[in-house]
Amino acid sequence: MNRLPIEERLLRNVRILSQSSPQEMRMVPRGDGAFPSVAGLRDIVSLVRAIVFPDFFDCRRNNERIRSCYLGVNIEKLYSLLHTEIRRALRFDNTYEEEEVSEEASLLALQFIDELPEIKRLLFTDVEAMYDNDPAADNYAEIILSYPVVNAMVHYRSAHVLLKLGIPVIPRVITELAHSTTGIDINPGATIGEYFAIDHGTGVVIGETCIIGNHVTLYQGVTLGAKNFSLDSNGHPLNIPRHPIIEDNVTIYSNSTILGRITVGHDSVIGGNIWLTHSVEPWSRIVQQKAFSQKET
Amino acid sequence: MNRLPIEERLLRNVRILSQSSPQEMRMVPRGDGAFPSVAGLRDIVSLVRAIVFPDFFDCRRNNERIRSCYLGVNIEKLYSLLHTEIRRALRFDNTYEEEEVSEEASLLALQFIDELPEIKRLLFTDVEAMYDNDPAADNYAEIILSYPVVNAMVHYRSAHVLLKLGIPVIPRVITELAHSTTGIDINPGATIGEYFAIDHGTGVVIGETCIIGNHVTLYQGVTLGAKNFSLDSNGHPLNIPRHPIIEDNVTIYSNSTILGRITVGHDSVIGGNIWLTHSVEPWSRIVQQKAFSQKET
Amino acid sequence: MNRLPIEERLLRNVRILSQSSPQEMRMVPRGDGAFPSVAGLRDIVSLVRAIVFPDFFDCRRNNERIRSCYLGVNIEKLYSLLHTEIRRALRFDNTYEEEEVSEEASLLALQFIDELPEIKRLLFTDVEAMYDNDPAADNYAEIILSYPVVNAMVHYRSAHVLLKLGIPVIPRVITELAHSTTGIDINPGATIGEYFAIDHGTGVVIGETCIIGNHVTLYQGVTLGAKNFSLDSNGHPLNIPRHPIIEDNVTIYSNSTILGRITVGHDSVIGGNIWLTHSVEPWSRIVQQKAFSQKET
Amino acid sequence: MNRLPIEERLLRNVRILSQSSPQEMRMVPRGDGAFPSVAGLRDIVSLVRAIVFPDFFDCRRNNERIRSCYLGVNIEKLYSLLHTEIRRALRFDNTYEEEEVSEEASLLALQFIDELPEIKRLLFTDVEAMYDNDPAADNYAEIILSYPVVNAMVHYRSAHVLLKLGIPVIPRVITELAHSTTGIDINPGATIGEYFAIDHGTGVVIGETCIIGNHVTLYQGVTLGAKNFSLDSNGHPLNIPRHPIIEDNVTIYSNSTILGRITVGHDSVIGGNIWLTHSVEPWSRIVQQKAFSQKET
Amino acid sequence: MNRLPIEERLLRNVRILSQSSPQEMRMVPRGDGAFPSVAGLRDIVSLVRAIVFPDFFDCRRNNERIRSCYLGVNIEKLYSLLHTEIRRALRFDNTYEEEEVSEEASLLALQFIDELPEIKRLLFTDVEAMYDNDPAADNYAEIILSYPVVNAMVHYRSAHVLLKLGIPVIPRVITELAHSTTGIDINPGATIGEYFAIDHGTGVVIGETCIIGNHVTLYQGVTLGAKNFSLDSNGHPLNIPRHPIIEDNVTIYSNSTILGRITVGHDSVIGGNIWLTHSVEPWSRIVQQKAFSQKET
Amino acid sequence: MNRLPIEERLLRNVRILSQSSPQEMRMVPRGDGAFPSVAGLRDIVSLVRAIVFPDFFDCRRNNERIRSCYLGVNIEKLYSLLHTEIRRALRFDNTYEEEEVSEEASLLALQFIDELPEIKRLLFTDVEAMYDNDPAADNYAEIILSYPVVNAMVHYRSAHVLLKLGIPVIPRVITELAHSTTGIDINPGATIGEYFAIDHGTGVVIGETCIIGNHVTLYQGVTLGAKNFSLDSNGHPLNIPRHPIIEDNVTIYSNSTILGRITVGHDSVIGGNIWLTHSVEPWSRIVQQKAFSQKET
């Protein structure tokens, strides 16, 4: 057995771990800029939430001008944090010359902030939809303060805008933050309309190329996934439309799985535990066969 | 493209975001009291856990009188935190006159503290049940320190008592805290007996009007949900009994879904992946049909 | 109703809660050493992650010698934290005399650190496997920074080594930390080969006696569980091999459940939503029957 | 020697220390409101400093409207902190009925905030005076950021206003905070004009009933103290005018001591190490006798 | 000029700074135990203050039993912190065998805690003395909360007991903590009776072998120092009685300097700015000569 | 009296305080870069201390290579913090074009780091000098851990190097940090040789143009100041040599004041409480006249 003194054993491992394998070297882009900071992105989303729902995650203020002071400070901080993290993401991406990165990051941060009013409008429709779907909801406050879907949608709607602006890495890290605390995994590339609700939510997966209409409701464990994927010449899977299109006014109950580039027509209802891999007409009502009930005594 | 100076663009959005839409105004009750603080509620549950399992989340003390000093301090802090958050919740609810709120909050905090011995008794039965069901459990310590069911039940059993006392908003926020860290979503309105176990737990949903007996065990992904719901005249769903009754000594295996106001008779076993929407007799044993096994070569 | 002064009511509950029930006394080993600290274990895993992926969770450094300074400091801190927590776990276990505990803890900490290079090698294969399976992955950085599988595997691969070294309590607490943030529940006793991938991940359960080969991929909601278990003479379930063996190059799609000590032969594909309780040959392709599609208008 | 078990010895001292001596009981007013919090008062002074010198202790902002957002938020926080601490001070004082305390505290907090513009004006004159007196000062920034006199005057000028409003306890605690970090001990009761400078400052003492004009400069170690004091019938010293009056344009060099209710006439200079207990005319120039220079070889 | 790449220049300095000079090696005892932690000692004094003045630095509690719970918790924490820091100090001192150090540290910690009632008694006499001497003091609360003498005496009286118990290093570090925040430098070796007051305090120095009676009052800038000292054969100064003895009921006004092993007889008054190097009789009244008053016009 | 609603009164003051007076506008350089951060400078000095005395403010390490890992990490962090703060100071100064600032800051940070070995050498001579002068010092550890002179000299010696490099603002802020915690006010412009000691220290002032030789010892309250100063044409005092030159091997006892550009010859002793404004020969021995001793009975 190994009987080196403690420090020597530690140092031997320092030496070994200092050497990068070819696999590691391929993965880690050489350069010395820091990667976007997960803590910084967490703060960004918290600021978005405080801006959108100012009364809930801060003190309530009757006076509109005082409230707009808080808004001003939060938006200025948001701009500054966004500038820092977007600059890191752009440097990592190597698309821009060093001198352009800071100005480009500023531009993108401002474009994101210009979208905040629309993000806010959409999030209030999501809260409304949730309230209309949950008999257990006594008031809007407990939805905004605690329902996982609201938390997930603040992350997703922010990340989706950042993705549309062409910012690398950050959008996915943001939606994974929501995935971690809610169990709801929405790819930032998905397109989702207004009045979107998810009840309970744990285990929901919404794939990158999904297109979801208005007034759609999902329950826990619903997967909107890909059926299969093609590989490019390097063996890496091709990123092409491969997830479902869900039209307006569709409800999908718990643990159902909808796979592939199929269309669920508007005003349809998909029951629980359904496995669906082909398109269905508008006004469809898909329910499960009596799949069991064998009883033994 | 937008070429305003940075500050002007920020301020333009401050102006826009300061104006509340009619939808927002309907959701946010005017008034200036703060909402209950999520961080404060988190501290409340941590104190309950430290009071119930004093040896595990603090130093272990041989001396009973020193241990009761720690208990005394923790209970006094718990009272003070409860008083603050319950007062906020009551003000938000507008049921009480301003001058009554503080006294009422004090009364409710004390009534909760009077229930701590019973909460503690029940939680130890849950630990015992978990130990008896998990071959992988080597000792009680790893269950108490880390099993998600224990964490979920500390939250649920506290929230359930608070709900019974008529306190608004807080109970649901507390169970959502557990939902976020465990993936187990138990509505505080559910009624759950002693010796309750959930293995793994991710994706479990237990609805608001469930009634669960003693010695019941669930596995991951089990839903005890509503089949459908009626709307009131405003289009908001009616909150009536709509979730299952699970009698004593029932085990429900992973990913099964039990929906509607049905009864699963005592001493029954529901297999995995079952979809059940009608009542079953005591001593039933529901297993899945041979639902597939189509093999392609 | 209870009208004692506030302090008296608090103190009455202090008195009641100070008395341990027989059930509590059976669960809590008397002694005065602290239990392993959950916060300490969290720090240990963070250090392992910083050591394995030094460029991602810290600044990036071009200079190898400066990077190895960071490695040296992190490994020295890791040794110190491991020594503290392992000593607590060993004292709790009562296997060692007081005077031996510290030396034994030091030895075990060093043995863990000797395994870091292999842990690092395996984790990079897991990242590679994830990259090769996910069309939505644009680069390795977003996988390492945010994919739940990477987070889960840092925890699992560390915990598995600690378990192999015979350290009690700590391994399970560590994998439950990952379970809480990722929804992926891997028992530290499971054996998992290289190039292991889990997409989305929420709801995945991998049991204690699973044996998983190389190049295996799972999707969300997959259970590799036990079908049933035997009890010992005390009524506590026996811990014997009871979970599946998954051979090399197997893919299992979302929400499938594989139960019991069965073998899934190499190069097989198990479709989504499958319930499998018997072994399948190599190169099998298990897909679901057309289990529904009843449409009502 | 004492060989009780550890816990017993600790508990024995708990018992002894729980009993209040008559001396302690006389000093500690019975009641259950908290005393003003030293940390809260520290935050209050930090907010005053951030409001008065917004560019120095926060980011610099070119845009006036964004700057006034920061001002708005800081003033609102200041109001809230003042309200809390003043309420505590008033309850402690027992002058007000319980129901009046909160409203009175609000009124006093607002009256303090109304004085902020004047406090700001005076503090800028102090900075100017310091700049005009110190050849080592290269710029205003290092004065504002680091000179002890500025720190001391932010505390004193705030505390003096609070004292004038009749608020107990708080003013003295605030000036002692400055005393602790600067070595400058200015009693909040002292009256000090504009353009006041203290160089180095350590050891300066300015008594409660001092009256200091405009454009006065002190150096380190200067005492403006009482010569003696009379006792009241309880033996407690009487609080009557007993400290010097220093008229406009006076300079007092290091370590001089001016005692008693005397007047130093305007435009005088008091040299270093002077002991002065009688009034001096305007335009006086007091310097030390050749008090030594005995040289031994 | 030096044009090495950044990292190389950093590393060159790492190499140089890694080499200890002979001077450094002589000063730093080789060994691997940590030195006592300044932060730990700060916490120890904070606990002593919270134990002695429980109503002031924590919430006020009417109920004696709840207050004694707080006392119990604070004393238990104090024991634990003392044990840690005393063990470090003893290991550093090398007087004890490794195996004895922990037990000896426990013994010493308990002996300190046995002195807490006497420390508390003395500190209340100091508060009383301060109240009786300061016309500006409106109440005991502002003395206990903010007067530097109280802060200095909590440190000194604790450090003095620790010194008497023979504990190395720690006592001096503790009194320097007070020196830093109050400007009052009391050597832990000094002996000080009850009812001790210091007004203002900045610049007070009380030497190691001072002996101070009861009811003594000092003002700012008073030095009780050594006149000269003898060297031992290594050239290090000899630690023998060399500071003044101040008998009961003595008052010494600001900035006076009393040097050497002289005695100031009881009931004496020493005026301000006095330089005293010989003993004075009881009931003496030393005042300054008319040392100046040269006036130029 | 003012009876506006609370928010209106707050906002009225926001408006008033938003307007900068001409005096304020003259003092605050327009621009939007942040000023150097006091917290950042505090961290810089803490890193210098940890680098110079690695065993005292961190764990002690027997193994030299592990110790140099800690050194490497600390120096790399120091470089990064210095770069940030120096860049801020240079932008504030407007000497450099925007694009040059970052490179210049890097250069200056490296030049400072190149001086660390000499800073370390000097600081160990200061510790030695202190040990040789204080009979109360039992060991080097308590000097390094707690004596104010060591703390003051770490700040001064760092600040002096930064000043020599031409960096604005930062040096003075750093020495004021030491002034605040030690009561020792050393201007960063002063020149101080090796083996410098200050006992007790409170109230010591060392002016900007002082030149102090080797083996000089000061006691508390010593001022090395300017006698008077000339004004430039703007009325701002001229910064020319105006403080004393203290040659090698001089000791100056407590509370003495040495003023003006005079020279205290080598190997002199200046007694306590001396007021000295003319040069003295080498080997002088200045003691006080018998300045008093008027005794009243």
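Miscellaneous remarks
For reference, chains read A, B, C, D, E and F in written order, and residue numbers begin at 1 within each chain.
Following the convention adopted for this analysis, a residue touches a chain if its C-beta (ideal position, glycine included) is under 8 Å from a C-beta of that chain, and two chains touch if they have at least 3 such contacts.
The structure displayed is predicted, hence computed values, not measured ones.
Of the two interfaces, A-F and A-D, the higher number of touching C-beta pairs belongs to A-D.
Interface repeat of C-E: among D-F, A-F or A-B, over half of the contact pairs recur, by residue number, only in A-F. With centres defined as mean CA coordinates, subunit F is found 53 Å away from subunit C. Note on chain placement: the centre of subunit B and the centre of subunit C lie 24 Å apart, centres being C-alpha means.
Among the residues of subunit B, those touching two or more other chains are numbered 10-11, 14, 59, 61-62, 65-66, 68-69, 71-72, 76, 183, 202-203, 221, 255, 273, 288, 291. Taken as a contact graph, the chains fit none of the simple arrangements: neither line, ring, star nor complete graph. Residues 51, 55-56, 59-62, 64, 67-68, 71-72, 75-76, 79, 106, 110-111, 113-114, 116-117, 120-121, 124-125, 127-128, 131-136, 138-142, 144-148, 181-183, 200, 202-203, 219-221, 254-255, 272-273, 288, 291-297 of subunit D are the ones touching subunit F in the complex. Per the touch definition, subunit D reaches subunit E in the complex via residues 2, 6, 9-11, 13-18, 21, 23-24, 27-36, 38, 92, 168-169, 172-173, 176-177, 179-180, 183, 185, 187, 189, 202-203, 205, 207-208, 221, 223, 225-226, 229, 235-240, 242, 255, 257, 259, 273-275, 280, 283-289, 291. Those residues of subunit E whose C-beta lies close enough to touch subunit B in the complex are 59, 61, 65-66, 68-73, 76, 80.
The touching residues of subunit D, counted against subunit B in their complex, run 7-8, 10-11, 14, 61-63, 65-66, 69.
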